[in-house]
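For reference, the structure is listed below as structure tokens.
Chain naming follows the written order as A, B, C and D, and within any one chain the residues start at number 1.
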Amino acid sequence: MSDVQNRIAARVVPHIPPGAVVNLGIGIPTLVADHLPDADAVFLQTENGLLGVGPTPAPEDVDPDLVHAGKQPVTARPGASYFASSASFGMIRGGHVGIAVLGALQIDAQGRIANWALPGKPVLGVGGAMDLLVGAKRVIVATTHTAKDGSAKIVAECTFPLTALRPVDVVVTEAATFTVENGELVLVDLADGVTLDWVREHTAAPFRTALRNPARHEESIDHA
Amino acid sequence: MSDVQNRIAARVVPHIPPGAVVNLGIGIPTLVADHLPDADAVFLQTENGLLGVGPTPAPEDVDPDLVHAGKQPVTARPGASYFASSASFGMIRGGHVGIAVLGALQIDAQGRIANWALPGKPVLGVGGAMDLLVGAKRVIVATTHTAKDGSAKIVAECTFPLTALRPVDVVVTEAATFTVENGELVLVDLADGVTLDWVREHTAAPFRTALRNPARHEESIDHA
Amino acid sequence: MSQTNSATRDRSLVRGAAEAVALIRPGATLMVGGFGLVGAPLTVIEALCESPDARDLTVISNNLGEPGRGLGRLLLEGRVRKAIGSYFTSNPDVVRAHAEGRLEIDLLPQGTLAESIRAGGAGIGGFYTKTGLGTLLGEGCEERVIRGERYLFRESLHADVALVRARVADELGNLVYSKTARNFNPDMATAADLVIAEVDEIVPVGALDPEAIVTPHLFVDHLVLSTTARGAGK
Amino acid sequence: MSQTNSATRDRSLVRGAAEAVALIRPGATLMVGGFGLVGAPLTVIEALCESPDARDLTVISNNLGEPGRGLGRLLLEGRVRKAIGSYFTSNPDVVRAHAEGRLEIDLLPQGTLAESIRAGGAGIGGFYTKTGLGTLLGEGCEERVIRGERYLFRESLHADVALVRARVADELGNLVYSKTARNFNPDMATAADLVIAEVDEIVPVGALDPEAIVTPHLFVDHLVLSTTARGAGK
């Protein structure tokens, strides 16, 4: 994974309190596990049926029956439990997973996201994305600020199919962090070296600015 | 339990094939277990969460955490399993229990039964009766032929509240056995010493007669 | 108890029974595990009977205990306003309280009760069952034909607090049960905002087989050590 | 294997893979366990690929295997008419077959898929979930407001045959699973008329802990010993 992706993952960590039950989506969200300062204090749930996901095993310790939702080998921590898919999604839909960290293709001005389908392409995969977005108590999006072509991912209205009507709670990018409050995006943090102007330029949705630590950005330089 | 009740229970046994998964209701149905020639070949399910109910334990072996749906102590056979109430009724409603043996207050001419409430009294208990009647693949009623006051239990129409719209498959009394075929009761067996006239006199619903072993009843005497 | 996990280091789940039930407010809806007294959290219920705020309660439970025991005592203490369950006739006190207008009762088929609780815990708003169709208990329920067969709609159930009984917990709150004392407990543990589990024993994290844990710890908020012998109510 | 039970004396559940899949008729609806190849009954699927009657199938499974492996091979053999699942994009053969009109696809959110199967096994005709509301996958679903919140109706799923993968069976057919290879298998084992379980090992009756059995034997019709190493598909 790239440096940018790891920086995004690291920026998610302060939003995860000790003791939280967390489901990490595929992609950047998966990297969050590596950045938790005390991994032992967070309980990772994976929707294919495990609470208590541990670190990636050494190649010689891989158990083919032990994978996360991205189908990559994992381990199980002490105190872990296994369960069937219906029970796993019962946990998720029933509001028993505290935090879901998800990727996104687009985020709209109300904090709703599109992360499962592309417009005009056949719709052949969704997995657990919709259930996680509907059911998790808090949802954090971890995404690059812009798409590969440089276009904004945070847009006034999603042109890609929505994953759910439920808005997310926090959007974390390599450049900025937004919370979603009363149906609007609020910029609460800029990454070191990122200016408000850069964020304005690369964000295609209106947002309110309420930086939690504005002093830190007084002398910020342009985003590389 | 009385001699009559045990005779009824014994008359149910031929209707239970080896290997069957059977739920026995409270009362006379519970006695069926004692009459199974090879109890090992039948799997008793109890809706409070056990497949593989074994015989009543000796008083010194009673485990307060191990009871059947009538809340009496039981044992568990080798190969038994425990499960939650939702899973237990999933089995029942989902058609995975082969046979339910239930008691009845009334049986109507179509084979529908009333076994959970009395007319004009507050309705304060139903338990698993409705689920068993709706879900079991086959339902056998085990009941005395007449009520305590001598009135018929098999009636043209139930005056007591129905337990379900689903008709039962077999009605076994101390005197007679009826099957339910195409919405009508069919008398298929008379107990030793019971005449067809006795059954006609004590049955208040129309029924067709198709005795499987009529010769046995040619010289039958009156029911004591 | 060993201290193998920072979450348990930071915050033990273990509470005294009185401390745990003090979280229950007047007018609360409770789910209480057990089939009669089997698998009922008797220590927690006893504490509830002593708690001044535990009044005007709605209790979702298969039965209301036995006369003067378990939930039967809570009823006699005048704390229960309404009971939702499947079989109340075995406790004459319940029949009397209902006849005298002191207790509202909502009767459900046992399977519908279990499924409603399971649905409530799993984020399912309601479901269709054949059970109760054409009976007194189906009156007023919406009907729907699915694949040519008639079903009744039932809403899911949810509670403010669930009181459950397990055999063993680990320090994280993972639960395993004992035989038919399991009954409604695992379902109820999923369907309330706050879950208090009464257990015989608390073992270190890692002592339970991950394949055999019935209630994963994310459902459990507090653990209370049982001081009531199993079968004490029999 | 010991012979401790007259039911097993009378009738062993063990079948050869070919013998077991010969029960599957053309046009059948199959549920097949597994999350990708993890927990998929690969030995049974291989036999299915050799069975002349296994054609025109509807397959309910989270995915259709991987290219040429597991259900992916069944697809390449031209046996699958329709797939119902949640994630098909990981197998390019599925995308191609769909684009070329050779494969009908019904896509469900993964939780809705799991719940539909569980409901089908539990005699529930349908249920209400919030998942999918306001999305492409919710189009055409009936909506209902329950306690002030919007839900979508979903019908339950049922199959003619379920092919599941467990770690160990006892001779009666009780099943326990292996870690995350459990996934859809226990739900599917409840939701089909005929259930064929592929297992690594068959142990005598009584060898499994009654508290830890995940699939009670009444759900299981036939056992097939796996000849495919776990992870063989990886």
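In this text, contacts are C-beta pairs under 8 Å (C-beta built on N, C-alpha and C of every residue); 3 or more make two chains touch, one makes a residue touch a chain.
Model, not experiment: these values are computed from the prediction.
Any chain touching subunit B that also touches subunit C appears here: D.
Among the other chains, the CA centroid farthest from that of subunit A is the one of B.
Averaged C-alpha coordinates give centres for subunit C and subunit D that are 32 Å from one another. Our note on geometry: subunit B versus subunit D, Cα centroid distance of 35 Å, whole angstroms. Residue positions 115, 118, 122-124, 129-130, 177-179, 210-211, 214 of subunit D each touch two or more of the other chains. Residues of subunit B in contact with at least two other chains: 76, 82-83, 86, 89-90, 92-93, 134-135. Annotation, chain-chain contacts: A-C, A-D, B-C, B-D, C-D (touch as defined at the top).
Residues 4-7, 10-11, 118, 120-124, 170-172, 174, 190-191, 205-206, 208, 210-211, 213, 216-219 of subunit C are the ones touching subunit A in the complex.
Only residues 35-36, 38-39, 62, 86-90, 94-95, 98-99, 105, 107-115, 117-118, 129-137, 167, 177-187, 214, 230-231, 234 of subunit D touch subunit A when the two sit together in their complex.
Note for the complex: subunit B touches subunit D at residues 18-19, 21, 38, 40-41, 43, 45, 51-52, 76, 78-83, 86, 89-97, 134-135. For subunit C in complex with subunit D, the residues that touch the partner chain are 115, 119, 122-130, 144, 146-147, 149, 151, 155-156, 176-179, 209-212, 214. Remark: subunit B residues 46-50, 62-69, 71, 76, 82-86, 88-90, 92-93, 117, 122-131, 134-135, 161-165 touch subunit C in the complex.
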